[in-house]
Amino acid sequence: MFPVGRSAERVEAFAAAIRDQGGSATAVVADTTSAVEVARIFDTVSAQAGVPQFVVYNAGNNRFAPLLEMDDAFFEDLWRLCCFGGFLVGREAAGRMLPEGGGTLIFTGATASIRARPPFTAFASAKAALRALAHGMAREFGAQGLHVGHVIIDGGIDGDQLNSRFPQFKERLGEDGMLNVDAIADAYWSLHAQHRSAWTLELDLRPYKESF
Amino acid sequence: MFPVGRSAERVEAFAAAIRDQGGSATAVVADTTSAVEVARIFDTVSAQAGVPQFVVYNAGNNRFAPLLEMDDAFFEDLWRLCCFGGFLVGREAAGRMLPEGGGTLIFTGATASIRARPPFTAFASAKAALRALAHGMAREFGAQGLHVGHVIIDGGIDGDQLNSRFPQFKERLGEDGMLNVDAIADAYWSLHAQHRSAWTLELDLRPYKESF
Amino acid sequence: MFPVGRSAERVEAFAAAIRDQGGSATAVVADTTSAVEVARIFDTVSAQAGVPQFVVYNAGNNRFAPLLEMDDAFFEDLWRLCCFGGFLVGREAAGRMLPEGGGTLIFTGATASIRARPPFTAFASAKAALRALAHGMAREFGAQGLHVGHVIIDGGIDGDQLNSRFPQFKERLGEDGMLNVDAIADAYWSLHAQHRSAWTLELDLRPYKESF
Amino acid sequence: MFPVGRSAERVEAFAAAIRDQGGSATAVVADTTSAVEVARIFDTVSAQAGVPQFVVYNAGNNRFAPLLEMDDAFFEDLWRLCCFGGFLVGREAAGRMLPEGGGTLIFTGATASIRARPPFTAFASAKAALRALAHGMAREFGAQGLHVGHVIIDGGIDGDQLNSRFPQFKERLGEDGMLNVDAIADAYWSLHAQHRSAWTLELDLRPYKESF
């Protein structure tokens, strides 16, 4: 497994945690919003493990602001991270995986992918753009063996990011009120495991008690 | 397993086929568009195996006609089979499963569930009605432990019905151009197996080479 | 204008109100869930004014209940009123208007047409079914000159029904917080007035201050 | 009226054509993908005619390519033109119009706004992003009096661009097979004319004979 991230510290720690549990993981420090770095990611992976068969793009950052207070960079950066990086990774993945017969490419969506609410308008715009990318790629590459999926995460993820910043959030939601990270991974893997005669393009994931 | 159908011959043969493969199956002959019969189905199942934890409603019949040639019964019967039976089964299932802590209830959708095209307008209307039922039930009962799913089958199913009537259809689509029945079952089961912190309400299933 | 309704008292009063304002209106008392009565409506209209060019189906009744408390008739009656009557009227309208070159046929939708929330699940199911009917008819008959529209009313209507039963509702929403009836009529008429090179199938209408 | 465009020649000719028909029009040459230029547009308009009450963003360019042949700039430029310019114009318009009590702001969408098909994946991604922007702004600013609309043009527009490049296209579609420009303008204006108790966020426009 090759976790990718901009922060060496975080991605190395993540890879180490996987190895501690008996898994195999090599951290790749890179910025997915640069085509050159994206190519380097795939070069690194391919050199060590061959062309990947399972690629997930889940970079994102649901920053928010009133629209009148969003400066140009705020709006653009969200798109660059949530969508443009997805395009770069998707294009690179398709270019390398298709000659090998395909594989699975999953983009992570959010509630905002299909519903734009302030103050998340910029995030919603970027996520809607990513979703359309996924749908277009699914239609373009499915018949060639590339399974493109788009998973809408509709709820809080029970991970470090939310829990360290909003510890009371988890408590308030109660048991299984946030998405378990392993459960998300299972869902992604189940897409990869699907028989090609019955592929899923889009599914939603939310806690059983989530209001929606 | 308790396959249900109106035709004794077909549902018995189906149950026998499952037993031949080492499974356990008891055929239940019933019409799901009658509340009395639906109650009887659940009584039969409960008497033999307890309250079910996994219920699938996949009755349906994509009959088609130009709208001006649809008589009243044509339009109504499609709704009764595709949607009303789903309501009766869903209500009965919820009423019995909720006191036991819940379970999984899946409704089978179709491309027509989200796209109404002639000459399938009546079918689309009935399937859209079923989908809304599923969404409403998911919202009403999720927090009580009932996982409601709606699976959109977008393509031809590689089963007896299509193959016996349109044998050339399968040939034209080529290998894995129709949905494999086991692959569909896997997808349904994967919904049942989901951790309750990450439930899916809706997913689509289509052959990798399907144009959509 | 030929207002139609089941209650002679209400539909006569409505027609009288239109005449009082200088309009022309003839009440037609009929139940739109019966094909025979629907044919009679069109016979009556045609005898007096020729084949209609503008038909609106807005029967409906957003009754609600917890799903486990809905009996069979509750679920079925909502479908019969919200959807089946729409099918009968739509079929009759198309059958009469198409030979005359077409016209406009509008179905009234609601928030529930695209979002099923308890305790409105039965209503949502029926309205989703009506919407699919409208979309299918639009695709089937557009090229023959029949403009089918589906208008989603997303908010409370500032009419007798709501105001007499929930007077405090209007007060709480404030000025223009409910949909003005004339404004709705303007929107419907604007669909009828559209040039056939730029027809609208679906639009939503909601008060400027509505949260959605 | 203040038509805006990057090409002085085209926007001047357009303004002149309006004046020839007795209208009032001042061309503004500007690039809407620059915040500075967008501010200048509004300054120019405001100096001559006060804060505008009706603003339309319809920049766009449905360029297409196989995804593997799209270079970074291709994907980014489409987003910049179709979506980022919309953000800049929307933000500027809201900032100026809200203190005056609001007005109408319309974004032009396309079939691709809601359906991503190759080879239009980049265009679809950008248009989906614009649509989400419109929906978010509608929710954020509606209650303050800003009517945000998103109009989905589903068909070819009977204007210079298509007709000069693909003259046979119009012929093949036949009479009224392409969207009449005046009919589009009427639809936009009807949104501006709506009573605030019944505003439309989204409508689609397509020729009566369009297949969809």
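We call the chains A, B, C and D, going by the order they appear; numbering starts again at 1 in every chain.
One rule holds for everything that comes next: contacts are C-beta pairs under 8 Å (C-beta built on N, C-alpha and C of every residue); 3 or more make two chains touch, one makes a residue touch a chain.
Remember, predicted model here, so these are calculated numbers, not experimental data.
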Chains contacting each of subunit A and subunit B, listed by label: none
Most widely separated chain from subunit D, with each centre as the mean of CA atoms: B
Subunit A-subunit D separation of Cα centroids, rounded to whole Å: 31
Rounded Å distance between subunit A and subunit C, as computed from the means of their C-alpha atoms: 43
Two or more partner chains touched - positions in subunit D: 139
Touching chain combinations (by label order): A-B, A-D, B-C, C-D
Contacting residues of subunit B [partner subunit C, same complex]: 35, 66-68, 70, 72, 75-76, 79, 83-84, 87-88, 90-91, 94-95, 112, 115-122, 124-137, 139-141
Subunit A-facing residues of subunit B, complex: 139, 142-143, 145, 147, 158, 176-180, 182-184, 186-187, 190, 194-212
